[in-house]
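Heads up, the next two complexes both have chain A, just with different partners, chain B and then chain C.
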Partner chain A sequence: MSTVARDPFLRRWAPELTGAAVIICGFLLIELLVRTAILNPYVVPRPSDVLLAFERIVVEEQILSRFLVTAAEAGTAAVLVALIGIPLGTLLQGVPLLRKATETWIAGMAAAPIVLIYPLFLVIFGRSPWTIIAIAVLAGLPPVAMLTLEGLSAVRPALVDTGRSFRLSRWQMFWKIMFPAALPSIFSGLRIGLIFALINVVGVEFLINFGGLGPLINELAERYDMPGTYAAICFVVFVSIIVFVVMERLEKWLRPVR
Partner chain B sequence: MNDMIRPEQIAQPPVTAPEPMLVIDHVTKRFETPDGPVVAVDNISLTVGRGEFVSIIGPSGCGKSTLFNLVGGLLSISDGTIRIDGEAINGPHKSIGMVFQEDATFPWRTVIDNVAFPLELQGMAKGERLERARHFVSLVGLHGFEKRYPAELSGGMRQRVSIARTLAAEPKLLLMDEPFAALDEQTRLLLGDKVLQIQQELNQTVLLITHNITEAVQLSDRVLIMTYRPGRTKRIALIELPRPRTSEMLSSDTFGRYVAEVWADLREEASRGMQDAERGSR
Partner chain C sequence: MAATGTLTIPQKSKMDAVLVLRIAIIASLLVFWQLLSMSGLLYEDVVPGLPQITAGLYRLLTTTEFYVNLKVTAGEILAASLIGGLTGMIAGLSLGGSYFMERAFERYFYYLGPTPKIIFFPLMIMWFGVGSGSKVAMGAVSCFFPVALAVAAGMRRIPPILIRVGESFRANRWQMLTKVHLPAMREPVVNGFRLGFGVALIGVLLAETKLSNQGLGFLVIQNYQRFDMPGMYALLIAIFVIAVAVNAALGRLSRGGRRR
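Now for the complex of A and B:
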């Protein structure tokens, strides 16, 4: 502990190093449990085999180009979530009746397993990227709309009064005061919304066996390629973490001080 | 003029005062509440001359902020009129600049961008507006903090940013609602000096809302003392201390007498306010 406190390098990276140590210990533990057959080796592959399978899924299964397909779907969904969710939240804030009428619903939708209505979109769009994107957008919208609404409602009265005293137009009031004041909250909404969208993109890909990473996991599982299946799942988890971290960094960069 | 204390009521500005900039003419404000109407401001009249510094003082809850918002055009008047340069107001007037009691700096803008805000609205070119803004930032003593964000500043510095931002719009009439209330005593005194200095430099007309007697006497030409519930005019005191004034005058006898005089009027109202608060009634 005292050496950690003294060494500036250790002090700076202590949380990250601890995190990595926990993951490595977890790996080693599972490896041990599988090797001693406490965990059934036919159900859970050895972590070391999963690690080795990474090369295979990159070279033989073109996971990177499949990733780009999934990323394109998720990216389209993300843009639509922002383009629909933020104006929707703004509309709800501006029209109190609409807000009272729908707020509970939208909050409920955020908690509901939206993915279950995929058959409906399958009928409308067929087995196409649009089925995947539609469900992802539906899943990502509630948090963005809710947090936009919350952010706009929580703007301090003193800031609004300042805008009024400078005789801002409605348009200026929104863009120069309301929107920037609500931006931190809108950003939290976007971060959650985009993660919801990403989860649903991969989930629906898996369900309808169409697109990028989802069908890959299906195929590998059907071939009983357990290390490959787990490697692909790890890849998806890894990508989700990277998206989350990048969003967080972007948010910090956009508002330097709070 | 030698006898500094004038016990009689003085409702008019000194004879030498120029034409009035602001006229508050028998203004009343009623709020409709579920428990019936609440009269927050009751039949108040006040005239503020150009270049004059007038304070409104009263206990908490007597209707000061209501009056501030009425003059600023943020609230509608129930009865009476408010005129600025002879023009009856109907919403925020272009000649008025407001400084609020609460922190009103924009946290997403740096100090310089906060202060440049009104200039940006006027459509001033970037280079020019930054130069003007820099001038006002220096005026409130924040030179060197231009690139900082409000979150990096103390409460007093943020309040100075608000003042600079309002000044940058060059309002003919500066309205301030307890701008120093949240600050410690030392900062409050020094900032008071700063405001006076700027007021002299820019020949600004100022209407200051306060609950602080020292502050009112230190800064003002006249002090309107409000009664508690309903908010009426109790008296308008003329403060004939020489100018330029600084916080160093606080220890003078004359200053002390003015403070005592204002307190004598305020005391009764404040104790009524306190009893009200103790009873927990509205």
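Now for the complex of A and C:
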């Protein structure tokens, strides 16, 4: 205990290290319970087997190309979200009447269970990437439009007045003043929109059994390959977490210092 | 047509203009849909006309099948929200109550929260069977994270003066929780539950569309497989109306707390 208290590294990171230790102990406990068959080994595989299954799903299930398929769908959706969402937010900011009429609708759309209408797109587009992309775009749009609107509305009046004193045209005003000032908020919107799009891409892939990573989980579960199923799920979770962290860093890095 | 008629009326106030615009937008969307249906650009069965959808809605609401399945789904969502909400609240209280716990565990909640939960469904089937159990579990897992994070954040935002007052009255842990913490964070907690309810609803219904033999999600996919498009659209409309209505009611509950 005394050495722990003296070591500055351990002292500084004690909570984080304890948290990680508790989680590792949890996995060891599960390993023990499965090995002693207190937990049914047919339902819960050993964590060590799941770890080993990672290599198998990478080598045998072409996880990289599957990942690229999913990434391409999410990327297409993200581009569409940006191309529709930012102009939509700008339009709403420019036309106050339209904003008053539809702002609550867009906010409501953000809370509505949009992904449930995937059978509708299944009927229109069939089992194709466009069904997946359509749902992802619908899910990602509201945060981008709302945060663009919010960012543009919150531009400091002093900046707008400066622009007026230079007799900027509407077009110049937008590109030289409004848009740069609203960028941090727009980036936040894009980050949230991309996360929503990604979640829905993977979810719909799993539901309609088409595309990249989603169907892999289906296939492994149907083959009753339990370690493989767990490993594939962990892989998808890791990929999403990595995307969240990268997006968060990117946003902080891009955010101008005031 | 009604929209163009009202547009010519001189605008009495801002509110009227907003209302007129809203009606105009809805009307033009409906007209667009009907024209799309009649144009034959898409297969007629894929985009049924408004009369067919209205008939489908009537058919849906007059059969007992809808209400039986609605009851099943409502029960599952309720159970999922209760289980996920209560466990989430306990987790949130312990995360928010101690700086040590926050640093040790909150990052895991924060990053696991937004991952797509539906991919855990095969595991839920293994653990809880193909019946209602796996749907409730799916909803509860979805509900757990937003509630835990909202409660933890809400707890940290309590004004320290309230806690000092509680301490000066020598309130014990339980009294502090029930008399100070919970009342002070009513709004974030209710908002967390509202978010949690929303994702629990999605989790349950998606799980039902994936694999089940009862519930509204199952009805949607059954209509899809039978290619009963008016029925499917009617069902989706009904689900959305219910979801939005419950969400609005919960929102009113959280705002009601602020006014009092």
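To be clear about the criterion, the second predicted complex is superposed on the first by the 216 of 258 C-alpha atoms of A that agree within 3 Å, B and C clash if a C-alpha of one lies under 4 Å from a C-alpha of the other, contacts with A are read in each partner's own complex, and residues count from 1 in each chain.
Here is the rule we use: contacts are C-beta pairs under 8 Å (C-beta built on N, C-alpha and C of every residue); 3 or more make two chains touch, one makes a residue touch a chain.
Keep in mind it's a predicted model, so treat the numbers as computed, not measured.
Asker: Is this a clash or a fit when chain B and chain C both end up on chain A?
Answerer: fit
Asker: Thinking of the overlay built on chain A, is A:G19 touched by chain B (first), by chain C (second), by both, or by neither?
Answerer: A:G19 contacts chain C only, not chain B.
Asker: After the superposition on A, what does A:R167 contact: first (chain B), second (chain C), both or neither?
Answerer: Only chain B; A:R167 stays clear of chain C.
Asker: Comparing chain B against chain C, which has contacts with more of the residues in chain A?
Answerer: C
Asker: If you stack the two complexes on chain A, which partner ends up touching A:I132: first (chain B), second (chain C), both, or neither?
Answerer: The answer is neither, since A:I132 touches no partner chain.
Asker: Which of the two partners, first being chain B and second being chain C, lies in contact with A:V34: first, second, both, or neither?
Answerer: neither
Asker: Looking at A:V144, would you say it contacts chain B, chain C, both, or neither? Reply first, second, both or neither.
Answerer: In the superposition, A:V144 touches no partner, neither chain B nor chain C.
Asker: Would you check which partner chain A:G214 touches, where first means chain B only, second means chain C only, and both and neither mean what they say?
Answerer: second
Asker: Could you look at A:R156 and tell me whether it touches chain B, chain C, both or neither (first, second, both, neither)?
Answerer: The first partner, chain B, only.
Asker: A:I106 in the overlay: touching chain B, chain C, both, or neither? Say first, second, both or neither.
Answerer: neither
Asker: When the shared chain A is used to line up the two structures, what angle, as a multiple of 10 degrees, is there at the CA centre of chain A toward chain B and chain C?
Answerer: Here the answer is 100 degrees.
Asker: In the superposed model, how near does chain B get to chain C, counting Cα atoms only, in Å?
Answerer: Least C-alpha distance: 14 Å.
Asker: Show me the residue ranges of chain A that touch chain C in the complex, using the header's touch definition.
Answerer: 14-16, 18-19, 22-23, 43, 97-98, 100-102, 108, 111-113, 115-120, 122-124, 195, 198-200, 202-203, 206-207, 214, 217-218, 221, 226, 229-230, 233, 236-237, 240-241, 244-245
Asker: Can you list the residues on chain C that touch chain A in the complex?
Answerer: Contact set of chain C toward chain A: 14, 17-18, 21-22, 25, 42, 46-47, 99-105, 107-108, 111-112, 114-116, 118-123, 125-127, 198, 201-202, 205-206, 209-210, 217, 220-221, 223-224, 229, 232-233, 236, 239-240, 243-244, 247.
Asker: Which of the residues in chain A come into contact with chain B in the complex?
Answerer: 156-159, 161-162, 164-168, 172, 176-177, 180-181, 183, 255-258
Asker: Under the stated contact criterion, what part of chain B meets chain A in this complex?
Answerer: Answer in residue numbers: 69, 72-74, 91-92, 94, 96-98, 100-104, 106-108, 117-118, 121, 149, 151-152, 169.
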